[in-house]
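Next come two complexes, and both contain chain A; in the first it sits with chain B, in the second with chain C.
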Partner chain A sequence: MLIYDIWFLFIYMFSVGNLIFVSKNKHLLVVLLSLEFIVLSIFFFFLVLLMFIDYDMYMLMVFLVFSVCEGSLGLSILVSMIRSHGNDYFQSFSML
Partner chain B sequence: MFFFILTNNNSNKMFFLFILFFSTLISISSNSWFGCWIGLEINLLSFIPLISNSKNLLSVETSLKYFLTQSLASINFLFMILIKFSLLKNFNMNNIISIMMNSSLLMKMGSAPFHFWFPNIVEGLSWMNNFMLMTWQKISPMILLSYYFNKNFLIFMIIMNLIIGSLGGLNQTSLRKLLAFSSINNLGWMIFSIMISENLWLFYFLIYSMMIFMMISLFFLMNMYFMNQLFINNMNFFIKLNLLINFLSLGGLPPFMGFMPKWIIINFLLINKFYFLTFIFMMTSLIIIYYYIRIIYSSFMFNYFKMKWVNLLMKNNMSLINLSSFISISSMILSTFIFM
Partner chain C sequence: MCFNSFFFLFFFMLINYFFFVYFIMNGLSVFFEWEIISFNSMSIVMSILLDWMSLLFMMFVSLISSVVIFYSKSYMNSELNLNRFIILVLMFVFSMVLLIISPNLISILLGWDGLGLISYCLVIYYQNLKSYNAGMLTALSNRIGDVMILMVICWVMNYGSWNYIFYFDFMKNDYVMFIISFMIIIAAMTKSAQIPFSSWLPAAMAAPTPVSALVHSSTLVTAGVYLLIRFNYLLIDMFFFKVLLFLSILTMFMSGISANYEFDLKKIIALSTLSQLGLMMSILSLGFPDIAFFHLLTHAMFKALLFMCAGVIIHMMNDIQDIRYMGGLSLYIPLTSLCLNISNLSLCGIPFLSGFYSKDLILEMVSFNSFNLMVFILFYLSTGLTVFYTFRLIMYVMINDFNLMMIYNLYDEDYIMLNSMFVLLFMSLLSGSFLSWFIFSYPYMIYLPFNLKLMVIYVSILGSILGFMVSNMGIYSLNKLLLSYNLSSFLCLMWFMPNLSTYGLSYIYLNFSQILFKNIDMGWSEIYSGKGIFNILKNYSVFYNIYQMNNFKIYLFSFILWFMILFIFFFI
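Up next, the complex of A and B:
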C-alpha cells in the first residue's frame, strides 16, 4: 500500500541537500558533504520505491557504485586543490 | 586531436578520451532513463582527468567548478527520473517533472540561465579541451533533451540563450570567452532545431562542430588566447583570410557554410508563423556578427594595427588552413550536389 506522505520526506531531504550545496560555505568539504547527502536521500528514495513495487534491488547497487565513484572523484579534486592552494577555503579562488 | 595528445606524452589521456566517447554512446542508446544517467556520470568521470593537471593552479579551479556544477545537475536529473518513475499514472505532474528534467540537462550543457560556469571554465582550459567541451559534451544532454522536452519552457530558454549569448560577448577580450558566448548563442539555435526534428539537429551540430574545429585549430596553431594577439604584422595573408571566413561563417553570413543550418531553421520558423521568435533570432545574430567583425576588420583594411615584436612563421602547415577555407566557402554549393 502506497503511503503518499513519505514522498514529502524524500523531497525535503533532497531540497535541504540542494540548499546546503548552494549556500555560502567556508570550506569546499561542506559542499561535497551536501552532495553525499543528496545521494543518500536518493538512495533512500530508490530503496523505498523498489520495495513498494516489489522489484529487485540490483539497480540500487549500480546506482550506489556510480555515486561512490562520483564522491571519490570529488574528494580527489579536493586533494588536488589542497595540494595547489594549501587549504580548501572558497576565498582562495583567485583565478576564475 | 589524437596527434596532439600523442605528441605530449599523454597516453593515459587517450584512455579517458576513449571512455568519454563511449559514455555518450551509452547515454544515447539506453533503454531507460537510468541508463542515460549512467552515461552522464561516466561522462563526468572521464572528462575530469582530461582537464585536471595538478601542477597548475588554474586547471585545479577549472576542474573543481566543472565537477561541482555537473555533479549537481546529474544528481538532480536522477532525482527527477525517480519521481517520474514513482508517479507513472499521475499525469498532472508531467509539466513540472519535464521542466525539472530539462533544467538539469540544460545545466549540464551550459545553456542559459545556468550558463554562469561556462565562460569561467572555458577561460581555464586549453584549446583542445575547449573543443571537447564545446562540441562533444553537448551531444548527450541534447539528445536526452529531445526524448522528453517541454515546448513552452524550452522556447523561453532559447530566447534567454540567444540574448545572453549575444549580449554577453560584447565586452570580452579573451578569445575563449568569446567563443563560449558564441557557443551559448548557438545552443539556442540547436535547442530549437531539436524541437523541429532530430535530423536537423544533427545537421546543425555537425556543421557547428566543423566550424568550431576550424576556428579552434587555427587559434591552437597560432597559440592565440586573447584579442590583442590577433594584430600581428607578420601573419600570412591566407591565415587572415581564413580567420575572416571562419568568423563570418560562424556568425551565419550567406555564402559561407554556417549560413546553411540557420537558413533551414529560419525557413521552418517563417513557414510556421513564429514571427516573434524569428525577430529575436535575427537580432541576436546581428549582434554576434557585430562583435566578430569588430575583431577582424582592422586587419583587413589597408591601414591596420601593426605590432612589430611578434614573429609568426607558418610556412609549413598551411594545408589545413587552405582546406578549411575551401570547405567554408564552397560547402553551400557542394552540399546541393550531395543531397541530390
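Up next, the complex of A and C:
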C-alpha cells in the first residue's frame, strides 16, 4: 500500500514535469526547469527503489553526476542561444 | 597514291585483256571454289567464275577506273583528303570485281552491298545538305535491292547451295524459281534505276564528277543489268520479264523526255544514262542478253568520257553546272570539245562510232522480230529523243553565243585530264568494232525493208533538227515555256515519280508525328508526367509547410498525448 502511494506520487511528478516541458512557454528557462523537475522526480523514485535493495546507493550517485552534467549542458545551450538571438524566446522555433 | 593505283589498275586491265582473248578464242571458262564452312546440308563456298564475259567486264571496269583515278588526280587536286577518296574508289572497284566474278549468291551479296555502301560514301563526299539528301536517297533505294537479294538467298537454300548457275536448266518451272526470279528482277530494277526506283540517279549527281564517271555511268548502274544477264537462262520465259520490258521501255522514254527540259549539265547526262539503261534492260527482257552486254560495254566507254568532259567544263566555268551560262566553248577548248562531240555522237548512234554498233543492232533486232507496236514506237521515239537532247546540249554548250560568264578561265591544257580522256576517246571510237568482232562469233542476219532500215536515220535527223530549233536562240527569242506549265512540269520532273521516294514516303510519318507531338508531348504528358507531378508536389509541400511551421512544442505535445492514450488504455 505504501508502495502504491509513492508510485502515484512519482507518476504525478513525472507527468507534471512532462506537461510543463511540452507546454507552450515563452522562455527556454522554464523548459530547462521542467527538465530538472523530471530529473528530480526520477531521483526520488530511484532512491525509493534502492531502499528495497539493501540501501546500495552507488548507482544513484552516478545518476546524480550525469543529471548535473545534463543540467549544466542545458544552461550552456541557453547561454549560447541568448548570445546568438539576444533573447530567450522559444516561440520562433518550429520543427523546421 | 593516284599514280600507284592508276598503274596497278592499268596493269590489271592488261592481264584481263590477255586472259579474255585467250579464253574467248579457246572457249574456256575456269571455276575456282573454296569451301568456307559446311553446315548440315548447305555449304558456303567462295567461288570465282572466270569466263569471257566476266573477264571482259573486268577489263572495262579496270580501264575506266584507272583512267578515272588518273583524272581525279587533277580534278580533285585541291582536296585535302585525296587519299581517302582514292581508297573509296578502290574499294568500289574491288566490290564491283567481286560482283562480276561470282557465280555464288553470297559473294554477289557482298559485292552488291559493298557497291551500295561505297556509292553512298562517295555521293556524300562533299558533305553539304544536298549531298546528304542525295546520298540518303541513293542508299535507301539501293537498300531495297539488297533486301531482295537477301530474300533470294533464303529461298535458294531450297536447292542445297548458293551457286545459282547450276540450277537454271533443271528447276525452271519450280515455284521457288518463280519467287527468286521476281525478287532478282526487283533487285536489278533498284540498282539500275528503272521506273519505280528511278529518282536516285539524277539526285546522285551531287557526287564529285570522277565518281559520276565511274559509278553512275558504267559500273554501279550496270550491276543490275549484269545480274540479269547472269540470270538470263532462268528469266527468259517468266512473266515478270514482260513487266520488266514494259517498265524499262517507259524508263527509256521518260528519261529521254525529261532530259530535254533539264538545264543542269550533269543531270542531262544522268538522264541520258538512265535512258540507255532502259534500253539495255529492254533489249535484255526481249531475250537478247549478249546484245545487252555489248551495249553495256560500249555505253560505259562513251558515257565515262562524257562525264569527264563535263568535269573539265565544270572546272572551267568555276563550278557552274547550268548550261544556260555556257556557250561557244568549242572555239576555246578544242580538245575537250572533240571528246565531248565524239562521245555525244557515239551516244546518238552515228554510223561507225562505237555506239552505232550496239544501238543499231538493238534497233534492227527490235524491227526484225515481231513485237508489240508500242515497243516499236517507244524504241524509235526514244532514239529520236536521245538525238534531240544531245543536239540541244551541243547547241547550248558549244555552238550558241558565248555568254561571257568566265573569260579568263578558258583553260584546256590540263594534260592529266586530257590524257585520261584520250584513252577513253580511243576506246570509245574503236571498242564498238573490236567488241563486235570478239563477242559475236557469227553476225546476226537481219533482213529489213528499206524504209524500216533507214528508220533510225529518219528519227535521228528529225531529232537533230528539233534539237537545233529548240536551242537556236538570239536576242529576239521569246521563251514560251510557261504557256504549257502543267505539261512541262509533268514531263520535266520525271513524271512526278521522285515524289514517291522522297515526299510521299515521309509525309505520312511526319504528319503523324506532328499530331503525336502536339497531343502527347505538349499535351497530355504534361499533366501526367511533367508539370502535373510538379504541381502535386508543390501543393503537398505547401501543405506540409503550413503544417510544420508551428511551435516546436506542439510536436512535443503529441508525445504526451500518445502517453496519455497509453495510460488510459492500459492502466485503467
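Keep this in mind: the second predicted complex is superposed on the first by the 87 of 96 C-alpha atoms of A that agree within 3 Å, B and C clash if a C-alpha of one lies under 4 Å from a C-alpha of the other, contacts with A are read in each partner's own complex, and residues count from 1 in each chain.
Definition applied: a residue touches a chain if its C-beta (ideal position, glycine included) is under 8 Å from a C-beta of that chain, and two chains touch if they have at least 3 such contacts.
Only a predicted model underlies this, so the values are computations on that prediction, with no experimental measurement involved.
After overlaying the two complexes on the shared chain, residue contacts for A:Met81 are found with chain B alone; chain C is out of touch.
By the touch criterion defined above, A:Phe21 lies against chain B and chain C together after alignment on the C-alpha atoms of chain A. Of the two partner chains, neither chain B nor chain C is touched by A:Leu29.
Comparing the two complexes, residues 18, 21, 93, 95-96 of chain A contact chain B in one case and chain C in the other. Listing the residues of chain A that touch chain B in their complex gives 7, 14, 18, 21, 28, 31, 35, 38-39, 41-42, 45-46, 49, 59, 62-63, 66, 69-70, 73-74, 77, 80-81, 83-85, 93, 95-96.
For chain C in complex with chain A, the residues that touch the partner chain are 545, 548-557, 559-560, 563. Taken in their complex, chain A has these residues touching chain C: 15, 18-19, 21-25, 90-91, 93-96. Of all residues in chain B, those touching chain A in their complex are 34, 37-38, 41-42, 44-45, 48, 52, 54-58, 60-65, 67-68, 71-72, 74-76, 78-79, 82, 85-86, 120-121, 123-124.
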